[in-house]
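Structure first, then comments.
Think of it as A, B, C, D and E in the order they're written, each chain with its own count starting at 1.
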Amino acid sequence: SSGSTGPKPGPSTAAKDGGTFRLGIVEPTAIDPYNTQESEGTLVTQNLFTGLTSVSADGKISNALAESRTPNDDCSQWTFKIKGGTTFSNGEAVDAAAFIRGWTRAAAKVSASDVAYHLGEIDGFKELNTGTATTFRGLSAPDATTLVVKMAIPDCEFDVRTFHTVFSPVPTVAGAASNKAYNDQPIGNGPFKMDGPWQHNSKITLVRNDSYGLTKAHLDRVEISILNAANADQLEYQGFQAGQFDWARMPTEQLTAAKATYKAKGDWYEWDANGMNYLLPMLTSGPMKTKEAREAISYAIDRDAIAQGVFKGFRTSATTIVPPAFADAYQKGLCVSCVKQDKDKAKQLAAQAGLTPGTKLYFGYNTGGGHEAWVQAVAAQLKDVLGLDVHIDGIPFKQLLDKEKTPDATGIYRAAWGADYPTPGNFLNPLLATSSINEDPATHQVQGDNRGRYSNPAFDTLLHQATATKDLAARTKLYQQAEKIAIGDDLALIPLWNRSQQRVANNEKWANLTYDFNENPTLATASQK
Amino acid sequence: MGRYLLRRLGQMIVVLLGATLILFACLFVIPGDPVGSLAGSERARDPAVVKQLREHYGLDKPLAVQYVTYIGHLVQGDMGEDYTQRRPVTEILGPKLVNTSKLAVAAIVFDVLIGAGVGALAALRRYSIWDTVVTLVTTVLVGFPTFVIGMLLLNLFAVQLKWVPVIGDASDPVQVILPAITLAVIDAALVARLMRGTMLEVLRADYVKTAIAKGVPRRQVLLKHVLRNSVIPVVTYIGISFGSLLGGAIITETIFNWDGVGMAMSTAIQQQNNPIVVGVATWSVGIFVVLNLVVDLMYAMLDPRIRLS
Amino acid sequence: MAEPILKVDGLVKHFPLTQGIVFKRRIGAVQAVDGISFELHKGETLGIVGESGCGKSTVAKVLMNLERATAGQVHYKGQDITGLTGKALKAVRRNIQLVFQDPYTSLNPRMTVGDIVGEPFEIHPEVAPKGNRRKAVQDLLDVVGLNPEYINRYPHQFSGGQRQRIGIARGLALKPEIIICDEPVSALDVSVQAQVINLLDQLQSEFDLSYVFIAHDLSIVRHISDRVGVMYLGKMVEIGTEEQIYEHPTHPYTQALLSAVPVPDPTGREDRHRIILSGELPSPANPPSGCRFRTRCWKAQPRCGEEEPLLANPEGMAGEALHHSACHFAAEREHV
Amino acid sequence: MTDETTTALPRRGSTDTSGEPAIRVVREWQEVWHRFAANRLALLGLVLVVALLVTAAFAPWIAPYDPLKQDLMHTIESPTGAHLFGTDALGRDQLSRVIYGTRIAVIVGLVSILLTLVIGIVLGAVAGYFGRFYDTVVMRGADIFFAFPLLIGAIIIITVTGRGIWPVVLSLAVFGWATVARLLRSSVLSAREMDYVHAARALGAGHLRVIVRHILPNSIAPVVIYGTFNVGTAVVAEASLSFLGVGVSPEVPEWGNMLAAGRGFIGVADYMWMLPSLAVVLTTLGFIFVGDGVRDALDPKLR
Amino acid sequence: MSKSVQDTPVAEPPLLQVDGLQVEFKTRDGIAKAVNGVSYSVDAGETLAVLGESGSGKSVTAQAIMGILDTPPGRITGGRVLYRGDDLLTMPEDQRRSVRGRKIAMIFQDALSALNPVFSVGWQLGEVFRVHEGMSKRDSLAKAVELMDRVRIPAARQRVGDYPHQFSGGMRQRIMIAMALALGPDLIIADEPTTALDVTVQAQVMGLLAELQAEYRMGLILITHDLGVVADVADKIAVMYAGRIVETAPVHELYARPAHPYTKGLLRSIPRLDQRGQDLYAIKGLPPSLLQIPAGCAFNPRCEQATGRCRDELPLLQEVSDEDGNDLPGRHSACHFWKETHRG
């Protein structure tokens, strides 16, 4: 069941104001844009702040507060025209200075922001980030509605990045990122504002921002309950069933039953999201060193059987790293070995690679993510087809990542990636570029996200070309070529399945409700029926 | 007596130091850098950020120094700052502790009322249908893991019957009932069996005969003479079951979305959020030691033959 | 006379007296035993009589090293045993045994009679070789008048008297040199009592055993003892041969005691001359000054409250009947 | 006359070893067995326990399928003739997994409890009997271990050692002994003041003997109850560890794993958690009945 | 102080009458017949002493009367216990409870285990008043002190809050006595009340009992081994052997002329102050096993006069008469050869 189902936003029927929308999330790391990082935090921050651009669920970028975004010829400088006359909910004007303020605040050393690296291409980031400067050299505001961004690393798709919440404007009251009072009750310029501070582990309440500068929201309030991470999906779904929530995820085990109940009612959403699940092979040492070995593994896995048997059809097999949600860049079937299980080919390649039966293969995965079942299925298939001695090892997430980073890591690891903003580069760059290995010279640990240590100059060159290409179609082509090298040829990552998402929503009560790019409900458009 | 208390308090400090030291050592052995990667995300942390955080948390210093620093701060009531939200541990744990205490107290009340009551009933009606029913029910309950019991209860009362909300509010006393029962069930079953066992012995004691011979009504014989003597092991058990309560709280809190320390602890361990782990452990040792001091005092109160010295 | 086998010297045992339930405060001490000295010779029986609560059992326990003496020494064959531990203590205990006063609590409810009586052999395997033990146990049961068939029974299946005999059998098992009997026959019917007494007598003559025999029954004490000590409130008030104590008691308390002995003959019971002691019974936590008996003594004088009478030969007495008595006005009473 | 009253005395150093003694000495264990066997519930418990052990020993012969054999075409199927207990999320036969699960249950349940009991009884008895310094050391030590709730302690141990059965067993013992020790200590405290303990000491019995023969038998009942009761809870604790993601590896056929995997199916495919629960319950029941039986059999007053 | 049996009006039923009481215990080795048809009675103001071999069923009988037998393993298999004519055994529990403590009180043989270790003696003494008279805690405690004084426990006021284990054996026993005396019952069953007491205290306690007896016309069943005490206080005596009454007699007559060989042996065993040097007399042999009570007369294996008849035929309790054939009131013997024993 690829593609997506569910009520489309469509032309809004005369939306009625009012109503309280309720849903559950897990405790975010931060809701202040300087450090908002995961989907849950983004849900809050994005409704509290409006940045330059917005992105639709299917990855189309459009202007939000920006009226125009123009790069110079070599994309070493970007000029954003900002819509005038909008204010923060405290009445302060949202001007270019507000953006500079926000970006500077996030990049400053004291913030130790986990997401500031998104600003890393801007000139002066280094100095700010290491504390040798206190102002952001690359940013300037010739007038109140013009923001000029000078790039240290030219990037022709920089504007796509500005969708990320770290690029939000902040009012002067925000102060430094150590201002805890603000962090817990940010004052923003979004469709909603905070109703009281963040009650950690308990509740976040938003109310409509009636002074919002763009299309105002319809909902009066949004009540966000904070749930235990360990079984949030269970709680969300139970809460939904009990009528306590209007929007929910559900545990994999309950999907079939939930779909049967809610699809007919029109309360069911299902789509392939902007993420990818794959196996991360360790390329520099151990059994996964050769391309043949990786292909053998890939051929040995029966993705369809697992998608049907284990996921009951709620996952679709993947053949790429750039997900199908990126319709323009998507190259179905790129990974040939991913298309269909082929035991003979697998055996043959394994023999070539010296992956003899009985070879030990480490297979790491993180606990607490519900990965146990499919991991066992994959392991069983590898055992069956190739006779490998697969050692599956479930450990906490953090340990898993630390393990992947060590220089002597071998074997395969369960991995997944989700997009921050809609560009193939957001997959290819962090996951596969040589620069993303960023090995610590002292410990030889990987410090970037390319933990498989894939390094191919041809691939790197293509990526560079892509970021320097202004034309979207041409850029996409370059990305496709790069992906072809890394996945099609080298199989540096082994695609497993697309990131499929399912949600239930109370559409008896709500209209104009759908999911957004970050898999969150579109609170800004939703309205009472 | 004052000396006794003082000595116990001194021992309490030793226990605290011991427990935190063991914990520190354990955490040290766990591979990986606690601030090296982001919690719960596939993304690596910026090396610059990592370096900065390591300095901020003093992780660049030797373990012994870290430990001494921790103890130094602890004395001043400062338990450090956690790694994910970068908030003071005391601020994070404070409300959680309150919530868990509510749960624990309610659970202990259930343990005592239901556990001891049912156990006493079984003992009084030994070999009757009651006894069998109690034995069966208590064993069957023990056979079910806490999470199954919790989920069944939640499913029935919150999802199906909608008597209570799924996502509870720790400040509502009614909503503590389900999680407290879940938490108490296994201990209550054990208390019931313990009670039954000791009570059977006490019931045969000569002094019970004396009381009957005095013409004391059966009810009073049971409530005063028998109960007081049977309750001693139960009190002991309640004191020590605190540990299992906190353990059970992890699961109960997960299932009922009860924002308590058990939950915090288990997530913190997974995330290597060591300040929280050490914080919870320090609290729990402290509470435990105090609790057991109370239990020991209660002993002396319940059984005058026991001399505290 | 030869060296005494047991020599007790200024034995003191005080129990702390506490008040309050939770916060126990020490408010004084029960002076259960307060300076007692006596000697026990080989082959001799020393009877100890005295009011209930006067410290007889405590003396027994301290002699056995079951309670640590607050002060004073116990010499066994010249060796001070009060501080012994480990092997040395075990060796001494091999030769001194105690028959407990309370036959209910002194038997392990989870051991069969066979095990209880056989335990001494297990602890001191040199006494009875392994193969002989069962027989030895049966013989012991037989000796104390218990049916050897009961060997597999548990204590709660016996009557009080039967239990007491189990305790005696256990005490006899090692055939120690000294047996301290703390009211060993109080729960027995006279016939069984007679058996036990005869048995003790017989063992004594055969093995030259020494007994410390604590009892309330003065007839029994007289029957079995060579010498008798009379205790009152933690003190020894009179000590002498059986003849001296029974025929020529000089301490008023002893006289009162003897006068109160019930005679197993109902004839003329209405006109017996008993010395009925009056006055407040003093507490061992707060004993009277001077002579401890003075509060109930009909002879009491101001001197008695000021000066503690020592246990010595009373002045102005001589002859056969001369023996130690702790009374300023020690004198034989006409009546008895 | 008086001759009749005296009976032959046991002579010192008598060498009479001839002949069987007239009276049969019933061995203690015979006794206990006798009383145990008279208790119907205890026998039922024994049957359950023996069945568990037999199943564990002969699992490969009893189980209809390979417990690891996956069949992705037939996942999460309700009980049928072919799969009496249905299949799990990977199409493995639930019955076979439950049967193989007995092996781990025996190891986790029995071994961990035995370890717990051994450590707890030794330390508890020492603390209670010797008192003072020993008591303080043991009890404060126990406090340290108490302070870590079992699950949390187990998570820490397992995080250090890695997942597996033995780390689970180890953590159950390491964090369980303190309970036993404390439970035992409190009953030892009252037992050690009994006259029969004095009596044994008066006989010259050493500390070991006094503890083993006199104090333990009279104070162990709560521990026996706790121990047998906890065979089941150990298995359940294992399940909780699986729930928290630190139990044994998920492919291992083990009840806790099955419970943890099945919990998501509450209300959807209940057989997924009910059957392993049933197995745990029956095991627990078995051990509790046996424990009660043993306790009663050991107590001469309760027959 | 002593009252002869004849004084009691005939019309009134005896204070307590035990009639053919039978008690057995289930043991692993079989049924132990501890009490095999015991009958005796006490009138108001009268003292019945129950003598007998240790293990002969004296305490069990008492427990059966009080209704505190362990059931199981014990079982009352027959007989009646009539209190002022009402059968206690068939009485509803509530009614029976109001009799216990208030009308019939018991002094236990083993004082330590009979006192609850976790309550102060004052509390336990006071409980009687709280239960039966609805007294307040404070008043009941004052009463407790009074009682303790009465049984001559030194410094009663200070020790009222102490616990049983802090008292000496004799003191505990006196506390038990105090507890029984508390409400001035009609009947006291005293199971070896003075075994742990020295003679002076014993004399006081017995004196106290006698006083109360005279004052309230209290009946007393005194179970004891102390033939001295019996001689001092008893009005009549019942002698038990192997769960049966083998002889009953008014006190003077029993001592003078026992009518059963067992009684005779018992009396001969008494040590006397004036007797020294020789071995004490003791009845030969061992008490019978209750699992296998010898056929015929239970005493026959130990009896010097036993004949074949004694082994075959169970002697019933029969009236004893003097040489002139006059029935001796209150005298019974369960010996085929009572005549020989009594008159010989």
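By our rule, a residue touches a chain if its C-beta (ideal position, glycine included) is under 8 Å from a C-beta of that chain, and two chains touch if they have at least 3 such contacts.
Just so we're on the same page, UniProt names per chain: B, D = ABC transporter permease; C = Dipeptide ABC transporter ATP-binding protein; E = ABC transporter ATP-binding protein.
Just so it is clear, the structure is predicted and the values come from calculations on it, not from any experiment.
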Among the chains here, which has the CA centroid at the largest distance from chain C's centroid? A
Of the chain pairs B-E and B-D, which one is connected by the greater count of C-beta contacts? B-D
Cα centre of chain C to Cα centre of chain E, whole Å, reads 27
In whole angstrom, what separates the CA-based centres of chain A and chain D? 50
Roughly how far is chain B from chain C, centre to centre by C-alpha average, rounded to an integer in Å? 53
Starting from the mean Cα coordinates of chain A and chain E, work out the distance between those two points in Å. 92
Out of chain A, which residues touch more than one other chain, so two or more? 230, 234, 367-368, 396, 399
Which parts of chain D, given as residue numbers and ranges, touch two or more other chains? 2, 5, 159, 193, 244-245, 267, 299, 301
Chain C: positions in contact with at least two other chains: 102, 105, 149, 194-195, 198, 202
Chain D-facing residues of chain B, complex: 11, 14-15, 18-19, 22-23, 26-27, 29-30, 135-136, 139-140, 142-148, 151-152, 155, 186, 189-190, 193-194, 197-198, 200-201, 204, 232-233, 236-237, 239-251, 262, 265-266, 269-270, 277, 280-281, 284-285, 288-289, 292, 299, 303, 305-306
Flag every residue of chain D that touches chain A in the complex, lowest number first. 68, 70-76, 89-91, 159, 162-163, 244-246, 249-251, 261, 264-265, 267-269
Please give the residue numbers of chain A that touch chain D in the complex, ascending. 230, 234, 251-254, 256-257, 302, 305-306, 308-310, 312, 367-368, 372-373, 375-377, 379-380, 392-396, 399
Contact residues on chain C for chain E in the complex? 19, 49-54, 57, 101-102, 104-105, 145-147, 149-150, 157-162, 183, 186-195, 197-198, 201-202, 216-220, 222-223, 242, 246, 256-257, 260-267, 269-270, 274, 276-277, 280-286
Using the touch rule from the top, collect the residues of chain B that touch chain E in their complex. 204-207, 209-218, 220, 224-225, 228-229, 302-305
